[in-house]
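As written, the chain order gives the labels A, B, C, D, E, F, G, H, I and J, with residue 1 at the start of each chain.
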Amino acid sequence: MLFLARMDVVFPDSMDPEVMADFQVKEKAYSADLQSRGIMKAIWRVVGEYANYSIFDVDDHDELHAILSGFPMFKYMNVKITALAKHPNALEYYLKG
Amino acid sequence: MLFLARMDVVFPDSMDPEVMADFQVKEKAYSADLQSRGIMKAIWRVVGEYANYSIFDVDDHDELHAILSGFPMFKYMNVKITALAKHPNALEYYLKG
Amino acid sequence: MLFLARMDVVFPDSMDPEVMADFQVKEKAYSADLQSRGIMKAIWRVVGEYANYSIFDVDDHDELHAILSGFPMFKYMNVKITALAKHPNALEYYLKG
Amino acid sequence: MLFLARMDVVFPDSMDPEVMADFQVKEKAYSADLQSRGIMKAIWRVVGEYANYSIFDVDDHDELHAILSGFPMFKYMNVKITALAKHPNALEYYLKG
Amino acid sequence: MLFLARMDVVFPDSMDPEVMADFQVKEKAYSADLQSRGIMKAIWRVVGEYANYSIFDVDDHDELHAILSGFPMFKYMNVKITALAKHPNALEYYLKG
Amino acid sequence: MLFLARMDVVFPDSMDPEVMADFQVKEKAYSADLQSRGIMKAIWRVVGEYANYSIFDVDDHDELHAILSGFPMFKYMNVKITALAKHPNALEYYLKG
Amino acid sequence: MLFLARMDVVFPDSMDPEVMADFQVKEKAYSADLQSRGIMKAIWRVVGEYANYSIFDVDDHDELHAILSGFPMFKYMNVKITALAKHPNALEYYLKG
Amino acid sequence: MLFLARMDVVFPDSMDPEVMADFQVKEKAYSADLQSRGIMKAIWRVVGEYANYSIFDVDDHDELHAILSGFPMFKYMNVKITALAKHPNALEYYLKG
Amino acid sequence: MLFLARMDVVFPDSMDPEVMADFQVKEKAYSADLQSRGIMKAIWRVVGEYANYSIFDVDDHDELHAILSGFPMFKYMNVKITALAKHPNALEYYLKG
Amino acid sequence: MLFLARMDVVFPDSMDPEVMADFQVKEKAYSADLQSRGIMKAIWRVVGEYANYSIFDVDDHDELHAILSGFPMFKYMNVKITALAKHPNALEYYLKG
């Protein structure tokens, strides 16, 4: 079951650069794990913004909320999700790699 | 080069059902061709709406505009695109199939 | 898996009252069936508007889109859905009857 | 008399984690009491956000405002309410449990 | 129990002036009845717009929706309501006449 | 000459509770004086929000701005006003008490 | 007492050019009369739009609504007004001619 | 060449009252100079808000930006401008004094 | 003096294809003339939309409004303009060809 | 391949004037380099705002995101981009210098 998510990150101006770098390292590891487990099917940078669009494949809403709220930087993110269904014109449900 | 597109379709209330069905047949063929040529990498239905999110892989803006404005139902669509770049946390640029 | 939906209905001004009444009869039957099957858990009128909030319990997105787009008045509705997860403070997942 | 409420929580970045945890404990107790007294009929998490949708059953507006402004975290919440009436298509006024 | 309502009227351009005038006569009578029964406590014109703000005093949401949807021009109105509670600084709950 | 005002209050998170309480005492006295002088005809709490709708009866704009900007908590308020005229369907210009 | 008004004109596409021209002639006469009587202090075209900003000097809201709703093209206009007070930095209340 | 400007002022909560008063004195002098030189043709207070509408008469955009960004309080202002042209119904280009 | 304009075109659904084509031919000629006279410095298609961004170099607002309202398709366009000044970091005022 | 960008700068109120000046010097150098390399084709000041519109000519999205996120003041900027294609009415793809 697919969801499109848009995540915008806003760090407080006073955040220490090392703290920020540490968040980014943890975020990368968390994100890599989700991708390798087939839960996060894609993540792209929105050009010009500290934001991403990503695709999640989950079994239910409780799982998705646990995943999203588990992001190390969740406290600093605005997340909006859109539920996606199969499109009648789609040849395949997912992207071609 | 990837773009995320959201397309919302609004048909006039007075449109004849056969005309509408004909548009949908042509749209499906156009969309299938784009997918088989690797230009449209994905298309999903937005749940509850006559709308889709789709992913396009094109070489430049003139090509993308020609593709979008060539949709048989383009006259009845509102299209908004978002330019996507590689995300530093992405294991792969595209979705895993 | 729960979704909150808000549906706003806009009929064209020129619609014949009998056609409208017929739509409403069909809508009521469709809605009753969804409720009796436990798919639509609730539907409430938004005070002062031709709109409702409703709660759906479905297994996946394809099922939900099929249900929503199957409403007899779907063509005249704007539908926005919100995915709901269990809240840590909730004593029960659903409403008490 | 039913109301749908959406509550979004925004804590200041500088809030001490223990203070935040204490707020959340008090909030949970307050919320449980409202549910056990039949005032809060449901509360759900909005997936991906620090927000909830909830259903309140109250006798009048003064009671509802007292309840909402009595939430321990009220100072940090944006609350928007929608008055709900019985829908002509509803088999029951409340959700089926 | 008080509600503030804002009602915006939009007539289709093609409406016959006599039909419009008839609507306005019926609307005036309906509105006068609500005022004389103490249900509509006030109605004011929004300067420069075909719109009003009005105050309703009702016992519950079903009653309010019945009243609002009973306006002869309801089909042509956008209605937004706001629930009002007693303000701690108010000397009286209602306006002074 | 009537105006509807909506006032939303936002205190900085760091405000000392005693300072806040002092503001609220001064606000209450200021508001009571306006009501007893017949300038503020009504004030209601917006349910679930730190906000009010109120009705002002003034002779001109300079007087109204002086009154609004004289609120002890003006610095922390967002104020939006709407000019009200007599409605052709109104039995009385003001609310019935 | 001054008000700033913004008026946007939207004519239905089907309006006959002669009808439109007739409206514009009447509008010009109406507007000239208001200016010569000192009620409309200024009117400017918003560059690129079928819209104007104008300044009205009136005694009360009922007068202003009567003036605005008396525009020959009122039915086709969206009007938004803003109440203006004397600014503490203004050397004169009105524009210098 | 005329522009309508709307300027909203937002001072940080922590600003020292003397600093604020000093800004206001400088702003008044700057504004008076612009008026006496015929550049700022009018300035009005938006009722209920720390905001103004003003009219500027300048020769080009570089001059206007220099003037606006030269306001002592520019750092704390949100400025939105609208280009104004002569209206076909205007008896005079400017306001009557 | 430069302006950025965004123009969105909306044709009525009922417009005859030949009428539309005729508008487009006239629009192209009008636009070419403005470019050859150095008034319209650039025009670009917004990808995926029946819209353009364009750059105008004019002497004053009356000239600009005359040019914009002279577009053959002006009746079907929404136009929003933004006044542009020289940027302190710009090496040249205009684009490099 | 062209993009229009709008960049709005918001510095924290507490920023030291020397730090701000240093940012502006670095920004100017970065911007000049992009212009001299033909990547940034134009940059204009939005009149009355700490914002610019600029035109970028890049080969792909990854390059554009690297350029935009490399601005010394990127952390303090909100950036929105619009993809531009050749317009059928354009005599030349770029501006005339």
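Assorted remarks:
Throughout what follows, contacts are C-beta pairs under 8 Å (C-beta built on N, C-alpha and C of every residue); 3 or more make two chains touch, one makes a residue touch a chain.
From a predicted model like this one, the values you see are computed outputs, not experimental measurements.
Contact tally for H-I versus A-B: the pair with more C-beta pairs in contact is A-B.
Distance between Cα centroids is largest for the pairing of subunit A with G.
For A-D, the equivalent interface within C-D, H-I or F-H is the one where over half of the contact pairs agree by residue number, namely F-H. Taking each chain's centre as the mean of its C-alpha atoms, subunit G lies 27 Å from subunit I.
Here the spacing of subunit D and subunit G, counted between their Cα centres, is 46 Å. We define each chain's centre as the mean of its Cα atoms; on that basis subunit E and subunit H are separated by 39 Å. Shown for subunit A are the residues in touch with two or more other chains, namely 2, 45, 47-48, 61, 64-65, 81, 83-86. A complete list of chain pairs in contact reads A-B, A-C, A-D, A-J, B-C, B-I, B-J, C-D, C-E, D-E, D-F, E-F, E-G, F-G, F-H, G-H, G-I, H-I, H-J, I-J.
By the touch rule above, subunit E contacts subunit D in their complex via residues 1-3, 60-62, 64-65, 81, 83-86.
Those residues of subunit G lying in contact with subunit I across their complex are 13, 45, 47-49. Contacts from subunit J toward subunit A in the complex involve residues 5, 12, 61, 64-65, 68-69, 75, 79-81. Note for the complex: subunit G touches subunit H at residues 2, 4, 27-28, 31-32, 35-36, 38, 41-48, 52-53, 55, 82-92, 94-97.
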